[in-house]
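Report on the structure given below.
Note that the chains are named A, B, C and D in the order they appear, and that numbering of residues resets to 1 at the start of each chain.
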């Protein structure tokens, strides 16, 4: 496939009070640590306030993996753009859904359930992200767990379909557990949800978190964009076989 | 839970040319063979031409398992009703999606992928529905396979997420295979897709097909409708534990 | 199927120092709270020191669900008996593997991996067993979580294949998480692993724990014991179909 | 990881009547088409008649992916060697189980069920291997299906646990279906079962079949061989965290 073209989406570049720990915007912080990665090609950022939320057909058709961060403005994302992203994922583009992106329209729309439903609390609790599956490309290079000294607490029950793979489970000092790293395949696309990454703590500066996100990008990148076949097949495979072997 | 209240939905009661083998309507045919089942309580039918497609809040709130048959008029189902059904499924109601219902809005919306995408051919081919999982409530009483002398052919690739359970795989004399019986859990609801049931062949008169559908209803019926918890939890479980054990 | 015949197995009835909290033996404690359950028929106990470990062909053939508790003497269980139990599970008998039974020969043999591998610590820590899947027969009647004030700590990584269903995840006050309730289907049999139940704390007296175990028994009980088919099929299904429809 | 070291195992090099289409031995045929692959390093063959069946500690420790073909002599494979291979798989080595290898001790031992149980018939029937999952590394470059003009027929029910991924389903002209391409993860190892490859038809000469096997090798190769942690953890993660952050 060559290099992986990545687009990092953030709901809003403008009002810094919504992402207080990231005056540059979370999209810029993430794009920043992806810079220079030898497997990654074009790195774009796109934000909600841009025309078409920055996700034009042209941009999506040149994106292999899309990263999605959103929190307060999910309902203001246009349905038409959500559907455009969804079709691109189903045709093969990878998608990383980060932190509060669990409540985004695109995640709800791709998984079908009310993925916005989970327990949460902002109490600067210790989060310990345990690796459940080793020898997996997404957990490569991560030891037994990642420790985040101050995090937002997420807790079960989290309303997602059973993931295809459960890679991380988080422990929080307040008493909750959470399925914090999950993969899903939908259509030809691969989706990775990873919950660490609150707007008030600079978790995206942690090398282990950066490694997981890079690993997620490598994993989610499509091998190919499979062509759609004809749905109506008036001639059977057996007839075609006979003709070919006549 | 007591008896299971069932509603059988069909896209259109009126124009018989769309369901030529069932002058009474497919919904009536299905409701007919459910009659007298000791585990089933109220049996309703609802059709697309009724107000709110027959799926009012009142009807849904009194339905434990909904059966969905549609073919030609999927796009004319109101989005608002689809969303109402979806939320009822996520809160625990069971859903059986039958035959061409694979392309319905509700199935696409709950699974997130383009479930309308599959190969198909109307050629009166022999279908043999193989049981993949025995000792499962849905395949109970079915032997090794069901044979349908004349059926519509469906074939892979079928654009569904990997099912939670793969119960049946169909063989067709023209050369295709198809995942014809699949279960999915979404939210608190259970979904069973079962593909046999074309509008031109009276497959719903076959005792084995009727048995699978009844089994599917028993399986999909909720044990309970779990209550939604508070999302924001200002007090941690550990604090609550300490208070309770002070 | 009628009532469910249950056998509760324990590694050793004799030396009470190995199960200090249960002078009567853990098998007797479990059998005790199953007494009087209207869905359960014959309740047997069997222990390792009995001839054939109490698991004769006769006993197994009359057992619908077997409960397995063991800790210190796994390696002294005869391979022949393990194989006998395994074949009975594959033919449909349910199996509940409790607590340190995770390291038993039968669990390792049925799952194929080194299920003895997990972190552990005896430190009387608080365990909170979170429900991951509601509206499931095994979690029925359990609220959001179960709290065990003093428990043995188990932690990931736990070397099991990805379970068919992940029903419970435990949180421990020392900082670990653990997949504490998992279902697996092997052959025609259903297996439920449930980790709470240490020999030093009378966790099996807790009503919620008893409820989960009873629920597990109902869930694991076979609907039927499917017959084995002939492996070699000299005549094809199509030939048989033609003969039947000639 | 660098290049992938591969070992191709065959039950018996000697009696050619058992593998009539392959006078050179199936192991040699497979090793032959792997030659020159740029991702593959050392290619070894090993056969049952060699000391330790050719699978010494030294050989296994230098093998990243093992291919297993066997048919008539499964029961004569030493249990000790099977256990050695199993532990190497659990520690990360990939395993490809080919054709009648479904009945091998190593496959039964890793999956836990009676994987020898399936329907079969030698009738030179047409097999059509349908791709179920596109955009997967194992199906890359394969179109919609592979056609094998003369094959041995395998049919459901096949006694395997539900695979982690179902990649291929085969259609046979006699009327059966079969889950012919499945992946499983056990311990840290990846297992790919692929059924085409009978001893009487030179199926391993087909470029598509060779591609699937090469793809399987790339997929099964470990990223790493994770180290085993200490099981008993007298000090909790929270204590360690406090010490590290004191």
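Methods note: contacts are C-beta pairs under 8 Å (C-beta built on N, C-alpha and C of every residue); 3 or more make two chains touch, one makes a residue touch a chain.
Since this is a predicted model, take the numbers as computed values, not measurements.
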Check your understanding: Chains shared as neighbours by chain A and chain B?
Key -> C, D
Exercise for review: Rotation angle, chain C onto chain D: superpose the C-alpha atoms of these two copies and give the value as a multiple of 5 degrees.
Suggested key: 180
Check your understanding: From the C-alpha centre of chain C to that of chain D, how far is it in Å?
Key -> 30
Exercise for review: For chain B and chain C, let me know how many angstrom lie between their CA-based centres, rounded off.
Suggested key: 32
Practice item. Take the average of all CA coordinates in chain B, do the same for chain D, and state the distance between these two points in whole angstrom. Key: 36
Check your understanding: Residue numbers in chain A touching 2 or more other chains?
Key -> 128, 134, 144, 155, 157, 162, 173, 175-176, 185, 229, 237-238, 241
Revision key, fill the gap. Listed in rising order, the residues of chain D that touch chain B in the complex are 128, 130-132, 134, 144, 155-157, 162, 165-166, 169-171, 175-177, 179
Exercise for review: Spell out the residues on chain D that touch chain C in their complex, using ranges where they run on.
Suggested key: 86-87, 90, 109-114, 117-121, 123, 125, 153, 155, 157, 159, 161-162, 164, 173-176, 184-187, 228-234, 236-239, 241
Revision key, fill the gap. Interface with chain C, chain B side, in the complex: residues 92, 126, 128, 133-137, 140, 144-145, 147, 149, 173, 185, 188-190, 222-226, 229, 237-238, 241, 245
